[in-house]
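For reference, chains read A, B, C, D, E, F, G, H, I and J in written order, and residue numbers begin at 1 within each chain.
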Amino acid sequence: MLFHVRMDVSPPHDLDPQRRAELVRAEKDRALELQKMGVWLHLWQVVGQYGSISVFDVPTHDELHAFLSSLPLWEFTRVEVTPLATHPSDVAAQP
Amino acid sequence: MLFHVRMDVSPPHDLDPQRRAELVRAEKDRALELQKMGVWLHLWQVVGQYGSISVFDVPTHDELHAFLSSLPLWEFTRVEVTPLATHPSDVAAQP
Amino acid sequence: MLFHVRMDVSPPHDLDPQRRAELVRAEKDRALELQKMGVWLHLWQVVGQYGSISVFDVPTHDELHAFLSSLPLWEFTRVEVTPLATHPSDVAAQP
Amino acid sequence: MLFHVRMDVSPPHDLDPQRRAELVRAEKDRALELQKMGVWLHLWQVVGQYGSISVFDVPTHDELHAFLSSLPLWEFTRVEVTPLATHPSDVAAQP
Amino acid sequence: MLFHVRMDVSPPHDLDPQRRAELVRAEKDRALELQKMGVWLHLWQVVGQYGSISVFDVPTHDELHAFLSSLPLWEFTRVEVTPLATHPSDVAAQP
Amino acid sequence: MLFHVRMDVSPPHDLDPQRRAELVRAEKDRALELQKMGVWLHLWQVVGQYGSISVFDVPTHDELHAFLSSLPLWEFTRVEVTPLATHPSDVAAQP
Amino acid sequence: MLFHVRMDVSPPHDLDPQRRAELVRAEKDRALELQKMGVWLHLWQVVGQYGSISVFDVPTHDELHAFLSSLPLWEFTRVEVTPLATHPSDVAAQP
Amino acid sequence: MLFHVRMDVSPPHDLDPQRRAELVRAEKDRALELQKMGVWLHLWQVVGQYGSISVFDVPTHDELHAFLSSLPLWEFTRVEVTPLATHPSDVAAQP
Amino acid sequence: MLFHVRMDVSPPHDLDPQRRAELVRAEKDRALELQKMGVWLHLWQVVGQYGSISVFDVPTHDELHAFLSSLPLWEFTRVEVTPLATHPSDVAAQP
Amino acid sequence: MLFHVRMDVSPPHDLDPQRRAELVRAEKDRALELQKMGVWLHLWQVVGQYGSISVFDVPTHDELHAFLSSLPLWEFTRVEVTPLATHPSDVAAQP
């Protein structure tokens, strides 16, 4: 099942720089892992912002919440989830 | 170049029903056409709303505006365009 | 899977009164039907408003969208869907 | 009497980690207690966020305020309360 | 139990003037009646607007919704209800 | 002259606890004093929030500002003032 | 006593043009009259908008509401009133 | 003096189509005229919307308001004006 | 040329109290100076808030920006500037 | 391709003053460099604010994101990007 996910990251400016670098590296590792698992279908950069737009494909809400809250920067991220359905004009959904 | 496009459609309730049906049919035809051209990459339904989330792949802003404003229901659609870039954690962008 | 659904209804004031009465009656019939099917788990009135807060239990986004957009007053309803997961402090989810 | 309660928690990032862990544990204990008392009817996780949606059943406003402000994380929680009434299409309210 | 109620009235400009006058008169009659019943405790005009701020004293949410939705102009009124509790610094609540 | 006053208090979490307790106590003393003076007519708790809704009766804007800014927690309080007039449907204002 | 008043006018586009012209003329007459009475101290045009920013000097809220609601275009005007006090840095208020 | 101007046009859908076409044509003529006069420095299309972003160079506020309110579609246009100054990092403003 | 200026001041609560007192004093001195120069025409207190509404009369945007950003508390002030023009109903602008 | 860019800068007040001065100087250097490269077409100061409005001319979204996120103050800047197209009434675009 598909979910549109908007993430806006704002680490506090007085976060220890080494801790911050570790979190950023761990976030990237986790993102790559979830993409390889086929859970995180699309991941785009919002131009000019420390933010992203993603599409996740996850069978249940509990799993989606587990994936999102497992992100190392989650504590500093505003997350907005929008459930997606098949669009009647989607070319792949035509009979 | 990729663009995230949010569309919310609200045809006036006193639109002639036949005119409305024609516009909806034409909108679908145009959407299928743009998808077949490779311009309209993704098209999802926002659950519960008369609205969609899309990703377009278009080389210039002039062409994107021409495509969007050519949609038969454009007059009744609120459109929000967000430019997308390659995300540093996108698995397809790793060296 | 659970979804929180906020609905705000605003039929246009110049809608034919008989048509309006029919839509309201049909909306109620459909709501009762979906509740009996076990799809529409909770339905509450927002005090003072022509609006409701509901919880739906539906296996897929496509089905949820089909249910919501099948409501006779859907054309005049602003719908906001929020996916719900199990809360770690939910008494029913304790080991 | 039923109340819809939206809670969004944002503990300051520089809160002492041990203090934070204690507050989170105490919050869970209090939530379980209020659920067992029959006061906190429903408790759901908002997917992707450190937030919840609940329904409380409390006879008076003073008691509801006492319950909510007794939550250990209350100081760091944005709370929005919406009073709920019986919906005319609620299947349980039909004659 | 006390409720703070904000009401903003906006009758459509093309409402039949005689119908409008009747609704305004009936709204006033109903407001006076509810005040005499002791249900509508306070009623103030918001300066410069077609709007009011009120405090209701009603034992249940179902009754409050019944009172508010019985107002003749309700269809054209945006209503916002906020539950009120005893304030710890209220002079009348001191021991 | 009547004024509707919404106050939302948010003391910084790293305020010295003793200083905070003193401010809260002083705020209560000042609130009781202004109520006894007949200046602060009504004071209600907003359920679930560190916030209040009040009605003040003060002859001039300068005095109202002096009263509000004299509150010990004023520095940490968002204040919204709305001037109130006699409502034409107020039962006490009927001829 | 001084009040800051923001007015945004939006007459419906299908208002009879002659009726509209009459209302605009009457609004101007009333504005001039209130200025001559010393009630309407300042009246400025918001550049690019059908809107104004004003300062009124009126002894009571009831009178201010009466003046504002007597404006011929009031029905089509969004009005926002902000009470003003003497500023401690106002050069005219220095001892 | 420079002004940033955001314009969002929304002609009512039931405007007579011939009247609408005339207004659109007249709006274009006026825009070209003001550009040739050197008053309207930049005019860009907001992609996907019936809206524009402009920069005007006009000596006084009265003249700017006169230019903007002379636009044939002004009645159907939301206009937001932001005054611009020389930026300290503007390459043209370096000594 | 006239400009409407809304200022909301929020010095951080952990600012050194002596530094804060100095800034407040310097802000007042600068405000008095600009009023005496005829640049700062009106300065009013927003009742209940640490905020003001002003009207400036300045020939250019560069000068207005220089004046506003020279205010000692500017770093802690949200500033909103609205250009004002002569209103057609201003009594002083009648022929 | 043209992009409208709104930037609002808010460095934390407890940033080391020397570090802040360095960042401001480096930001200016980078801005001048990008203007000389022909990438940053226009740069205006928003009057009264620590903010700017710019137009960039960049061939791809990846390059625009790289430029914007290379700004030394980017971490403390809210950035909003709007894609611009040729306006049909732009005098330079007439046949």
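Methods note: contacts are C-beta pairs under 8 Å (C-beta built on N, C-alpha and C of every residue); 3 or more make two chains touch, one makes a residue touch a chain.
Composition by chain, UniProt nomenclature: A, B, C, D, E, F, G, H, I, J = Muconolactone Delta-isomerase.
Bear in mind the structure is a predicted one, so any value in this text is a computation, not a measurement.
The rotation relating subunit A (Muconolactone Delta-isomerase) to subunit H (Muconolactone Delta-isomerase), fitted on Cα atoms, amounts to 180°, rounded to the nearest 5. The centroid of the Cα atoms in subunit B (Muconolactone Delta-isomerase) and the matching centroid in subunit H (Muconolactone Delta-isomerase) are 27 Å apart. Mean C-alpha positions place subunit A (Muconolactone Delta-isomerase) and subunit E (Muconolactone Delta-isomerase) at a centre distance of 45 Å.
Annotation for subunit C (Muconolactone Delta-isomerase): residues 2-3, 14, 45, 47, 61, 64-65, 81-86 touch two or more other chains.
Chains touching one another, given as pairs, are A-B, A-C, A-D, A-J, B-C, B-H, B-J, C-D, C-E, D-E, D-F, E-F, E-G, F-G, F-I, G-H, G-I, H-I, H-J, I-J. If you check the complex, the residues on subunit I (Muconolactone Delta-isomerase) that touch subunit J (Muconolactone Delta-isomerase) are 3, 5, 12, 14-15, 61, 64-65, 68-69, 75-76, 79-81. Against subunit J (Muconolactone Delta-isomerase), the residues of subunit A (Muconolactone Delta-isomerase) that register as touching in their complex are 13-14, 45, 47-50. Of all the residues in subunit C (Muconolactone Delta-isomerase), the ones that touch subunit D (Muconolactone Delta-isomerase) in their complex are 2, 4, 27-28, 31-32, 35-36, 42-47, 52-53, 55, 82-91, 94. Residues 1-3, 60-62, 64-65, 81-86 of subunit B (Muconolactone Delta-isomerase) are the ones touching subunit J (Muconolactone Delta-isomerase) in the complex.
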